[in-house]
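Input: structures, listed below.
What follows is a pair of complexes built around subunit A, which joins subunit B in one and subunit C in the other.
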Partner chain A sequence: MIDNKGTSARIRNAIIHLIVIILGLICLLPLINIVAISFSGSAAVTANKVGLLPVDFTTLAYSRIVSDSQFWRSFGISVIRVVLTLALNLVLVIPMSYAMTRKTSEFRFRNVYMNLLIFAMLFNGGMIPTYIVVKNLGLLNTIWALILPGAVPIFSVILMMNFFKGIPRALEEAAIVDGANPLQVLLHVMVPCAKPSIATISLFSVVGSWNDFFSGLIYMQKVKDYPIMTYIQSLSIDLQELVNNAASSSALENISELSNRNLNAAKIVVAVIPLLLIYPFLQKYLISGMTMGAVKE
Partner chain B sequence: MKTKTLKPINNTGSQSRFFHLFVVPGMIFLLIFNYLPMFGLVMAFQDFVPAKGFFGSKFVGLKHFQYMLQLPDIGRVIRNTLIIAVGKIFFGMILAIAFAILLNEIRMKFLKSTVQTIVYLPHFLSWVVLAAVAVNLFNLDGSVNQILASIGIGKINFLGSNQVFRKLIIGTDVWKEFGYNSVVYLAAITGIDPSLHEAAAIDGASWWKRIWHITIPGMLPIIMLMTAMNLTSVLSAGFDQVYNLYSPIVYESGDVLDTYVYRIGLVGRQYSFGAAVGLARSAVATLMMVTANHLTDRLTGQRIY
Partner chain C sequence: MYKRNMYKAAALTLVGIMTLSFWGCGSGSTSDSSTEIVTDPAERGTVTVTLGRQTTANPKFPSGDSYEDNAYIRMTEEKLNIDIQDEFEAESGDDYNRQVSLALSAGSLPSMMKVASKDELTELYENELIADLTDVYDQYASDYIKGIYDSFDGRALANVTYDGKIMAIPATASDAGTSMCWVRSDWVESLGLTVDEDGDRCLTMDEVKDLARAFIDGNPEQADHPVGIAFNANLTSSSSDGTNTINAIAYALGAYPKLWYKDEAGNLTYGSVTPEMKEALSVIKSWYDEGVVDNQLGTRTWDDITSLLTNGQCGIIFGSWHIPDWLLNNVYTLNNKAVFTPYAVVSEEGKVNCTHANATGEFIVVSADFDHPEIAIQILNLFYDDMVNDSALLEEYPDVASYLNEGVDGTARPFNIEVKSNTYLLDEYACLKAALAGEGTKEEIPTAEERSNYDSIKAYQEGSGDVTGWCKIHSRTKGVDLLAYLTENDLYNWITPVYPETTDTMNTSWANLQTLEEENFIKIVTGAIDLDEGFDSFVSGWKAQGGETITGEIEAQLEQ
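Take a look at the complex of A and B:
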């Protein structure tokens, strides 16, 4: 009987392993497919022959990207945007969330600010009024339209608040007894303690602004100002227009030489590389951020 | 637990000043980019003309809301939004929970961490990227259709058929998010006292019984919390995803509130009408969030905000 149980447990275990592996492959294979397309010859891509391995291996698409000035321009815009957004987020969110962990006895209008924060999280003006505000501020077609509207991510404020609350009060008090003012306490006691959660909100910020294409789509009127994801998004539309208008002959020659699909695939792969580079950190900090982010006020 | 701090009272004023300084810069941004647009919603009650501004445009009362209720589009858009959002929440949670339970059974460290690394990845990729991946796979001649054809099912026009488009949207979203969403459930499982499982095993409870009577009840608080949190997003069926995958052929089944507001309001420049739809959407969303917060507070003692 025990033997019997052992066998069924082994079978069950094997099935569980199999399902988990299959789910893993289902997540991985589509991503491998696009990498394979980026390294394949255009004939094979157009004929949809590419599966998991490149067909007619070529790096032509990548060498094409090297000299694609618009691609790198958009890439650069995204890099600048990510850096500025991150800096602004940290400068605004860290002091704010620290002040918000104070009691009303220490910080009299704490609840007024907190309610403003929560209401902004619960309700928003929506796409069109926000667009009009950004437009009226004269930010259209400037990089600031990509940065300023997301200057204070409220989720990050709450996450930081939860973390600060978990830091033992005694640490602060020791500094206060030594005569430190709140700014000194924040910079020399709280921030060093809060490094993991600062990493978490930083990564949220970086991933969010790198991946965002919508701000670029609505706030930038010219392709030359597009951040990288908006630029990549615009490629598929351009292809449609190209086909509809049967555009200039030089453009059509380009298509036959190198189908847009493997060129686009290569652009996508390059655009994802920055995220892959920080992926180990994403796994380390955002996963922990996810479990502590079951947000409480 | 908390020890009363002995602070000289005259110190509080200067401390407060610091805290104001900490908060005010961020608040200025919130006022400009979150609160100004809320006041801008006044345009939903106007025939807003950008050149005339909020003060110069003519007030028309509820005209746009009445118009909205008469449009056949709106019913279609709301239906699509709800079906897609509920489908994503339901199937997404089921798969994430099941995956967490299965993953917890894996003892081989290397396999476990490798699979985790892979399944978390899609969450961090933009829909711009994943839509391109999906189009490559699901177009009429794509790999998926080649496989379907070779096993005799025949080709399915995933991207261009109103019968399957919503399923594609729900399926690809579940694919993208189940790994990352399983994290909280996995954490909940590891928080369950292992002696419960041991005791049940000694009493002869089968694996299924233990999952059903120990693991799932142990996860229930977090499942309820996540359900409530997810329900708050029931009116946003995922603009980025739908926008990058849909086309006019599938507006019938795939057009959702956010894409509709974008197309009609921003692209079509019917600012006031778009703002009216947006306001209705935001109001309902806020109501749902407050309700969900009360519910989870009552049921689990945890609050969303």
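Take a look at the complex of A and C:
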């Protein structure tokens, strides 16, 4: 990048670009294929004829989604979940990571807490004990079962800590000299400086909680309470698996009605849209947020 | 040192949690029922029944209805004076089994639930978590229900009897029949071929091969890459009617892959490691080498095979009698000239080898803590006797009748199981056939499902061109008709496999052995490894990696 004039550098650049473009296409093409399938006639989809452009263009699949009440219910549950998770994450992660950057002279048990955090990051109780805890707290079938177990993402705490450490100490001292208390320092000095990092952990939180389907499968015991990704997961059908398990002919009939892939593709597209909408707003912070936190002073 | 302590702490915590959870399970099961319990629904108060329910992705509820509140549930609640609540709902398969395990480990079983394996049932029995149903079954089960279970020659109830006690309500599974060779008969016509000259509705393996060859050469729909016959990557299936499998060929050669059975000498055998299986693989291999079998065998997915059929690239598919309903319908939707005819593949002796299904693989259990186990039997009577035999019931509950006609999924019922006699398929078809031929009436057809099939078939014959009619004509008047034909003409040669309980070694090695089997089979057929060497080394590998031990364990099971 420093010397673009040499031929060898140009070739090198070309190769790098080529690799990046190929990697980009690998990520992008399946998505385009899904979009194309969602707008294609189901006959063409069954016959495997859809590539990157829709065949027999139709919006039938989308009009069927509009009338699927469970889809919108699950969609709403996921929106509420994402908003609550994000708010809770930020409220917990920012003060915590700020406190964790204090020296042991200021915060005597800092290392104890740090070890606890690391321990909890590396080990957890496993599925069944966690389930029993959630159940005994009476959280089953409530939205809190989807939110509270992941309320403090430790990876985000560490990311924020490293970022806070990178902010010049002088800024903080200046605020203290002006009479600010620790909370004011955090809110008026540290947080505004840390916007890129906050954007980063917000994105992690939003993407993570939107895409997570497994906790919905475990903690939500009624289909009507499923968040959107759990609902979509339940629609993906493996006919072969069902046939091997000798499902009855009428059950297979009902399932195969649904396995028209263009409807499922349309559902995936609709479910991905919210993330696509959020991403551009956060993306400009994202790259700087990741790297700025990486270097300590 | 620090790390080691941490591990110790973690291990101790884990042990603690496990003990606690076991203790949690055990404590609930010791309930004494010394107090007299009123069992007549009309005389007692409303009882709350919690259920573990299986769901499906496409239940087809009318709008407003749900699993907890639908016509079936409302009828059950009213008839039996109970209040049904779902303890958990999850899609059949892994999701449901996970919820059952979670409920077990949390020590909170619903009053009644379905369990999908014999192993789970045994575990529940051994931990004294489920109620003994012997008395309530004897006392409350209707004669019709008892008759259904008796039609399995005792196999159905024997499966759920532990130490002489009936511990569960078994779901029944009737014999699936043979894996048929479905052939595009409109292609046969347009190419001027003759299939099944002797008209016995059976084909030999060579006839199948020649037909596939003729379809490739004739290529009636001018497809780009015609394919003779396509199979799944895992080639065989434990179910006799396996779709997209080589089961039909293997059975015709006397090989019963993925099943345990006693051979003629009385020795317990696993079908996939027999010399007959090797022969079956050699046949498929030779077809593959000649280009009759799909040259992309192993990489073609289920959906890809479906698209071969719909694109007119392929005109032969192996599968069960009901594939027209949910797989071949795609072919008709795209090309309503398509017509299929099923044939059975026969052995050298001219017989169709077939295996009996596992009579029961699914069960309803009642929690040991639940005071009204008779309600389970009453639900059984209501759905599997009254609803079938008592037409007044359906008049009283028109919602339920419309559920049956609309084909609302069976998961909507409190128990997602089937309880039907071993021969129900052929019995019902006999009535349908009579009605269609004008020798009987629609009203004489016993089930709502078959009556609506009658309507669809009639409508199609009158020219509706509707896909459902096409499907039912194929699945019933061709598919089931072939099964009936084979039975009536005594063309079947039945094998009764042993369906073992999962043994200790199976727990640790079965998944590996299955992978070993499937990988080797596909390698042999595609020529990646030599037939003789490959099969022999597979068999010795299979035995060495646990197959031998498992055989011994199952023999011990059988002797008990």
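We adopt the following convention: the second predicted complex is superposed on the first by the 233 of 297 C-alpha atoms of A that agree within 3 Å, B and C clash if a C-alpha of one lies under 4 Å from a C-alpha of the other, contacts with A are read in each partner's own complex, and residues count from 1 in each chain.
Methods note: a residue touches a chain if its C-beta (ideal position, glycine included) is under 8 Å from a C-beta of that chain, and two chains touch if they have at least 3 such contacts.
Owing to the predicted nature of the structure, the values given are computational and were not obtained by experimental measurement.
K.L.:
Which partner does A:Pro192 reach: the first (subunit B), the second (subunit C), both, or neither?
P.N.:
neither
K.L.:
Quick check for you: in the superposed arrangement, does A:Gln221 touch first (subunit B), second (subunit C), both or neither?
P.N.:
A:Gln221: touches subunit C, not subunit B.
K.L.:
Looking at A:Gly166, would you say it contacts subunit B, subunit C, both, or neither? Reply first, second, both or neither.
P.N.:
In the superposition, A:Gly166 touches no partner, neither subunit B nor subunit C.
K.L.:
Looking at the overlay, what does A:Asn48 touch: subunit B (first), subunit C (second), both, or neither?
P.N.:
A:Asn48: touches subunit B and subunit C.
K.L.:
Check the residue A:Ser69 against both partner chains and state whether it touches subunit B (first), subunit C (second), both, or neither.
P.N.:
Touch status of A:Ser69: second partner only.
K.L.:
Residues of subunit A touched: more by subunit B or subunit C?
P.N.:
B
K.L.:
Which partner does A:Leu31 contact after superposing on A: first (subunit B), second (subunit C), both, neither?
P.N.:
Only subunit B is touched by A:Leu31; subunit C is not.
K.L.:
Now for A:Pro129: first (subunit B), second (subunit C), both, or neither, which partner does it touch?
P.N.:
Touch status of A:Pro129: both partners.
K.L.:
Under the contact definition given at the top, report the residues of subunit A touching subunit B in one complex and subunit C in the other.
P.N.:
On subunit A, the residues that contact subunit B in one structure and subunit C in the other are 48, 123, 125-126, 128-129, 131-132, 135, 218, 261.
K.L.:
Sort out for me which residues of subunit C touch subunit A in the complex.
P.N.:
6, 10, 13-14, 17, 21, 55-60, 63, 66-68, 86-93, 95, 98-99, 101-102, 105-106, 108, 173, 176, 232, 237-239, 242-244, 302-304, 306-307, 310-311, 320, 322, 325-327, 329-330, 333-334, 357, 361, 407, 409-411, 418, 449, 475
K.L.:
Please give the residue numbers of subunit A that touch subunit C in the complex, ascending.
P.N.:
Going through subunit A, the ones touching subunit C are 43, 46-48, 69, 119, 123, 125-126, 128-129, 131-132, 135, 217-218, 221-224, 234-235, 237-241, 243-258, 261.
K.L.:
Touching subunit B in the complex: which residues of subunit A?
P.N.:
Residue list for subunit A touching subunit B: 9, 12-13, 16-17, 19-21, 23-24, 26-28, 30-31, 33-34, 37, 48, 51, 91-93, 95-96, 98-100, 102, 105-110, 113, 116-118, 120-137, 148-152, 157-158, 169, 173, 176, 181-183, 186, 207, 210-214, 218, 229-230, 232-233, 236, 261, 264-265, 268, 271-272, 275, 279, 282-283, 286-287, 290-291, 294-297.
K.L.:
Report the residues of subunit B in contact with subunit A in the complex, numbered from low to high.
P.N.:
2-3, 5, 7, 12, 14-16, 18-23, 25-27, 29-30, 32-41, 43, 48, 50, 53, 99, 102-103, 105-106, 108, 111, 114-122, 124-126, 128-129, 132-137, 139, 141-143, 146, 175, 178-180, 183-184, 187, 207, 222, 225, 239-240, 243-244, 258, 261-262, 265-266, 271, 274-275, 278-279, 281-283, 286, 289-290, 302-305
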